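Next up, some structures in structure tokens.
Across the two complexes that follow, chain A remains constant while its partner is chain B and subsequently chain C.
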Partner chain A sequence: MKSDRVWTPYLLVAPAVLVFAFVVLLPALLNTGLSFVDWSGTNQMVFVGIDNFTRAFRDDIYLTAYRNTFGYIALTLILEVAVGLVMAGVVTMQGRRTAFYRIAFFVPVMLPMVVIAVLWSFVYSDDIGLINTALRSTGFDALALVWLGNPATALIAISVVSGWIYAGFYMAIFFAALQRIPTHIVEAATLDGASQWRIFFSVKVPMIRPMIEIAVLLCVTGAFQSFDLFYVMTNGGPDHATEIVTTYLVEVVFRFNNLGYGAALATIMTIVVLALGLIFARIRSKVGGVDVEY
Partner chain B sequence: MAIRNVLKPGMTAAAIGVTLALAVSGCAPASSSDVVIRIAMGASGDAVDSNFDTLKTQYETKYPDRTVEIIVQEDDVYQTTGLSTLLSSREAPDAYFEWSGPRMRNHVADGDGADISEYLSGDAFDGRFDDGAFTGMDVDGSGIYMVPWTGDVTDIVWYNKTIFSDLGLDVPTTWDEFMDVCAAIKASGVTPIVEGNKDQWTVGNWASHIASRVVGEDVYAETMNGEAPMNSPEMVDAMGYLAEIAREGYINDSVNALPDDEANTQFFLGRAAMIVIGSWLMADAQTDGEGLEFDYFNTPALDGAGDQESVLGISTGFMVNAKSAHIAETMDFLELVASAEGTKLWAQAGLAPMTIDPFDGVDADERTVSLATLMSTAPTVVAPSDSGYDIEVAAAFYDAVANIIGGGNVQDALDTAEKRIAEIR
Partner chain C sequence: MLNTDTRPRRARLSPRISAIVYHSVLTAVSLFFVLPLVWMIVSSFKSKREIFDSPFALPTSLDFTVWTNAWERGDLGVYAVNSVITTVASVSGILVFGLLAAYAFSRLKFRFSKWLLLPFLLGLLLPVQSYLTAQSRLLDAFYILDTRWALILPYIGLGLSLAVFLLKGYLDSLPRELFEAARIDGAGDFRTLAQIVLPLMRPGLATVATFSVLSAWNEFLLATLYIQSDDLRTIPVGLLAFTGKYSTDYPTLFAALSIITIPMVGIYVVFHRQVINGITEGSVH
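And now, the complex of A and B:
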């Protein structure tokens, strides 16, 4: 009997392990293998050693793509996570009638990304766009810019759209976490004379810290998966000001038909994302990422 | 029990029979078509799409056991990710639109292009093309890999005749005259030139033409093949012409943010006096430019080593997938595309077919006829960087051009491009 049970745990985890192996591990290994060849996708593969990797570190556009991605992360941490947190705070302060706001803030998350990108391209349009029309009609002509055509504003403009979409998503997460806080703790703070904002920042936010940390991790890793907004709104331009790793990958693989080099770029990106995840976990454990019990 | 034993095998057999019958009926094709031909292309306007539907109907009527699937993708998507994705898919197209030259040769090298010279020399295509139509459709002088379709002039200056007439302007023949025209239009409060360079090929193509005119066609070819420096003094001089346009504010501020089709719309709406784009604008004008009085002129003469009468252009056609299981049937469809009736459809849609009788019996727009003549009588035809030469070199060049037309420094932009190209070399 006992010898039969030895295999039970392995059999139970086998489906998950198999799915993970076929969906994640195997493609990642194959991609890493492709990183060492020169290949257009249909021609004869030629082994080139680490040439693709050394080229990547000399590739100014690839390095620019990382700078842009980290800039995008910094902006979205504010526009998505911080704004989402504040929105959740505002919604919870309003008492019972919050359903409308919660749905309204969450609606952008449910819209197709390409539709949002096209809509916002019109909002940012130089001549017929909502923003520039409003600015011109109120006498602020000098502030009417080519938002998506100016290297100084294009990344910010896309980040604002990203914030418009995902702030509602993070709000929903934070709202759920805030709802779990026992009311007696909030009542005690209220009796001590704390204002709503003081209660929010000094009581509620520390109590949902684990959720905030997860949100930050999602935001950072999600930035490396971004593609459609950038591809539709600017296609990496102007002058690579909105080029991110994924848009450049698509250019290298599909436009230049350089699958070997593209695979190397993807391998490096995988390592960067894994490293960021590990650093995040390390920081979390060092500064005391213990869940607050209540 | 005995009854059950007797019934069991019978019921099992019945169940298997029913299951098989259902499976067979479920697997049977919905129609009687045995052969499906897939034809892929980028969008060329509603009129062209409608014509392909007409040919599809004709083909399916002539061959009832065959079905044609027309796959039309947004033009930029088709050029970049679309076609390559289609070709590597399980249901790869049997024939697909492509430009002659390096892109076509790459498909042949990848095993995606069939040598169709035997079919083209057969009765079906007999006398439909001049030999010159096949220029750039062979590989190192052997084989033919395309059924020629249209000859595209890829860069001409379209202008709004009403604005020119109202301002008393003549068509410029030199760059200085062109700048004077732009200055007069700008002074009237109208944007002189609108360009949608979001995907970089519109101004990139124009820059290719300007570069070939200034540095000479041979040096231009060497530069775009990565064999000559991108940041040579001659190239800096050439791109100085574009820098002048940017510096003087003769082009829309949104040049690097606007998609090409939206720029076309702005021109059709009369919001700008000129647009520099290819002959295919005629096809779009049929649906979007109704009532607009417009015409074209070639890029005005510049100071340079190249032929100042040159035309930037390239021929297009349909390649047949070497991996197709229905090459003969696909050629039957392409025969219709190149037929006299097909030619009429293309000419009426505003295209310039490459068949021997492009405008016979067709009440074609005189501008379409004139463009075809321009292409066929040009002393020099220059290919655009992105469809005629190394795509990575072209990408570096077009990046530099976008930077320059956006107001960047010419030398810096070309130095950056040269640095990238050095890596590719």
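And now, the complex of A and C:
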């Protein structure tokens, strides 16, 4: 449709385009430029070519951060997506009323991550923590560990919190997808004598596969960008055991004032996330709309 | 249809017992989700000693002075006001700018429309960390770092991509005849927007609003990096500052956490369908 006046469309898109250009597009471009300089934010900018990138690949902490990030991704895939899928299977068993549970499982998703992080650092706390006081009062003193202060358990402990938040979220999107499976298909399988579990894994799960693929990518890209839990609960410690890409990036830029190097780290991260995002977009276009009606 | 399956069937539990087992399992799982929150509220009414000695016991008395203390000493009122201002301003921006742009991109033909739309697609994929460094310097250069605008503008930018694409999707699905009829009746673009698009877009706008409100209300990374003045801090950052100051005064900290959490859970219980829809649709788009 033609607009009534030539300039109307531009007037309509102008506020969105201008704000977006100022706070996202321009910074994204400038950030790419910053990747090639050495700059503390106050001194003279010096062009250093790809030095920042070669430095990143020799930076032990940065490599550790990637290892931890991938470990975290693997753990959250299990604790969020896999657990969420099983939960969705349980709440969609035939003839059960489950609205209450579904509402309860989703509560943590809408709470501020920082509140959850503070709350769970208390849950894990050595002296007043829910876990350790429960273990001690039931005689399992030996199992009461310093969960967040121990390099062996810290990453797993944070992943559990992440699972606590997002398992209900993935359950909700799987639930919405499962609700759309035509009932006659499930009925046919039931008539053939298949058990509920058999129907779930052999009939329902294959049918919601596109949604599972999307969930996996959402989980991977989300885990890549997570920050709040790590920053509040351990801030990368102990001894970089929970250092992830984003916590290290923020430290390099805002504590060490190494803007050029930080920008380069961000550029590398952007390439990784964009690559994952493009796969996401491909799947999405393959399956068409995936709007979730709960 | 004959059942030709001759394998021995497993003995089935009676429906009653299986229902009991089913609901016990799900109740146990629900407890795992709710227990930390219950523990948080209960512990706010206990002394530090009681939290330590008997984590599962109910408090001996419901003394709300610790809550009023937390509210006052933690400046939670100030942080709440800041969060409200930041959230309302940024969500209004997202909805208004997003709807205007979505209408133009969906319904009007104009030069460069593809090129103007493309960056918003990029915005859906880019992690905020990828432009954080430059963004902070840019905001600093315009002297808006450590003001409310330092959060409002980036939040609008963060939310616009989703708003434009979601609303454009809804608009694309409306029949063309509707807009042509309005045009023939002599309605200009702005009247079409106000009298046809706006009422029809309520569900889409509600989804965007829900998602954006929660994102802005809960946002932490930018809020902690861009705001230094204590009197401008939003709830997540203010709470963290508070935990730093009173790190061992557990009952007060639990009270502060409860004060922040309970209203949100209350709103969620009332509007749970809207909230779940908004978050899932906003995330999966």
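Note that the second predicted complex is superposed on the first by the 245 of 294 C-alpha atoms of A that agree within 3 Å, B and C clash if a C-alpha of one lies under 4 Å from a C-alpha of the other, contacts with A are read in each partner's own complex, and residues count from 1 in each chain.
Convention: contacts are C-beta pairs under 8 Å (C-beta built on N, C-alpha and C of every residue); 3 or more make two chains touch, one makes a residue touch a chain.
All values derive from a computational prediction rather than experimental measurement.
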{"item": "Chain B versus chain C as contact partner of A:Asp141, first or second or both or neither", "value": "neither"}
{"item": "Contacts of A:Met269 with chain B and chain C, given as first, second, both or neither", "value": "second"}
{"item": "First, second, both or neither for A:Val90, with chain B first and chain C second", "value": "second"}
{"item": "Chain B versus chain C as contact partner of A:Gly41, first or second or both or neither", "value": "both"}
{"item": "Contacts of A:Glu187 with chain B and chain C, given as first, second, both or neither", "value": "neither"}
{"item": "Which superposed partner A:Val250 touches (first chain B, second chain C, both, neither)", "value": "both"}
{"item": "Contacts of A:Ile214 with chain B and chain C, given as first, second, both or neither", "value": "second"}
{"item": "Chain B versus chain C as contact partner of A:Asp127, first or second or both or neither", "value": "both"}
{"item": "Chain B versus chain C as contact partner of A:Arg58, first or second or both or neither", "value": "first"}
{"item": "Chain B versus chain C, judged by how many residues of chain A each one touches", "value": "C"}
{"item": "Overlap of chain C and chain B interfaces on chain A (superposed complexes)", "value": "41, 127, 250, 254"}
{"item": "Residues on chain A engaged by chain C in the complex (per definition of touch)", "value": "1-6, 8-10, 12-13, 15-17, 19-31, 33-34, 41, 87, 90-91, 93, 96, 98, 100-101, 103-115, 118-120, 122-123, 127-128, 130, 133-134, 137, 164, 168-169, 172-173, 176, 191-193, 214, 218, 221, 224-225, 227-228, 231-232, 245-246, 249-250, 253-254, 259, 262-263, 266-267, 269-270, 273-274, 277-278, 280-281, 289-294"}
{"item": "Residues of chain C that touch chain A when the two form their complex", "value": "1, 3, 5, 9, 19, 22, 25-27, 29-30, 32-37, 39-40, 43, 48, 51-56, 93, 96-98, 100-101, 103-105, 107-110, 113, 116, 119-120, 122-138, 153-154, 156-158, 160-161, 164, 169, 176, 179-180, 183, 188-189, 214, 217-218, 220-221, 224-225, 235-237, 239-240, 243, 250, 253-254, 257, 260-261, 264-265, 268-269, 272-273, 275-277, 279-281, 283-284"}
{"item": "Residue ranges of chain B touching chain A (in the complex, touch as defined)", "value": "80-81, 84-85, 88, 106, 109-112, 198-200, 252-258, 266, 271, 391-392, 395, 399, 402-403, 406, 408, 416, 419-420, 423"}
{"item": "Parts of chain A lying in touch with chain B, wherever the complex brings them together", "value": "40-43, 55, 58-61, 124-127, 146-151, 154, 234-235, 237-240, 250-251, 254-257"}
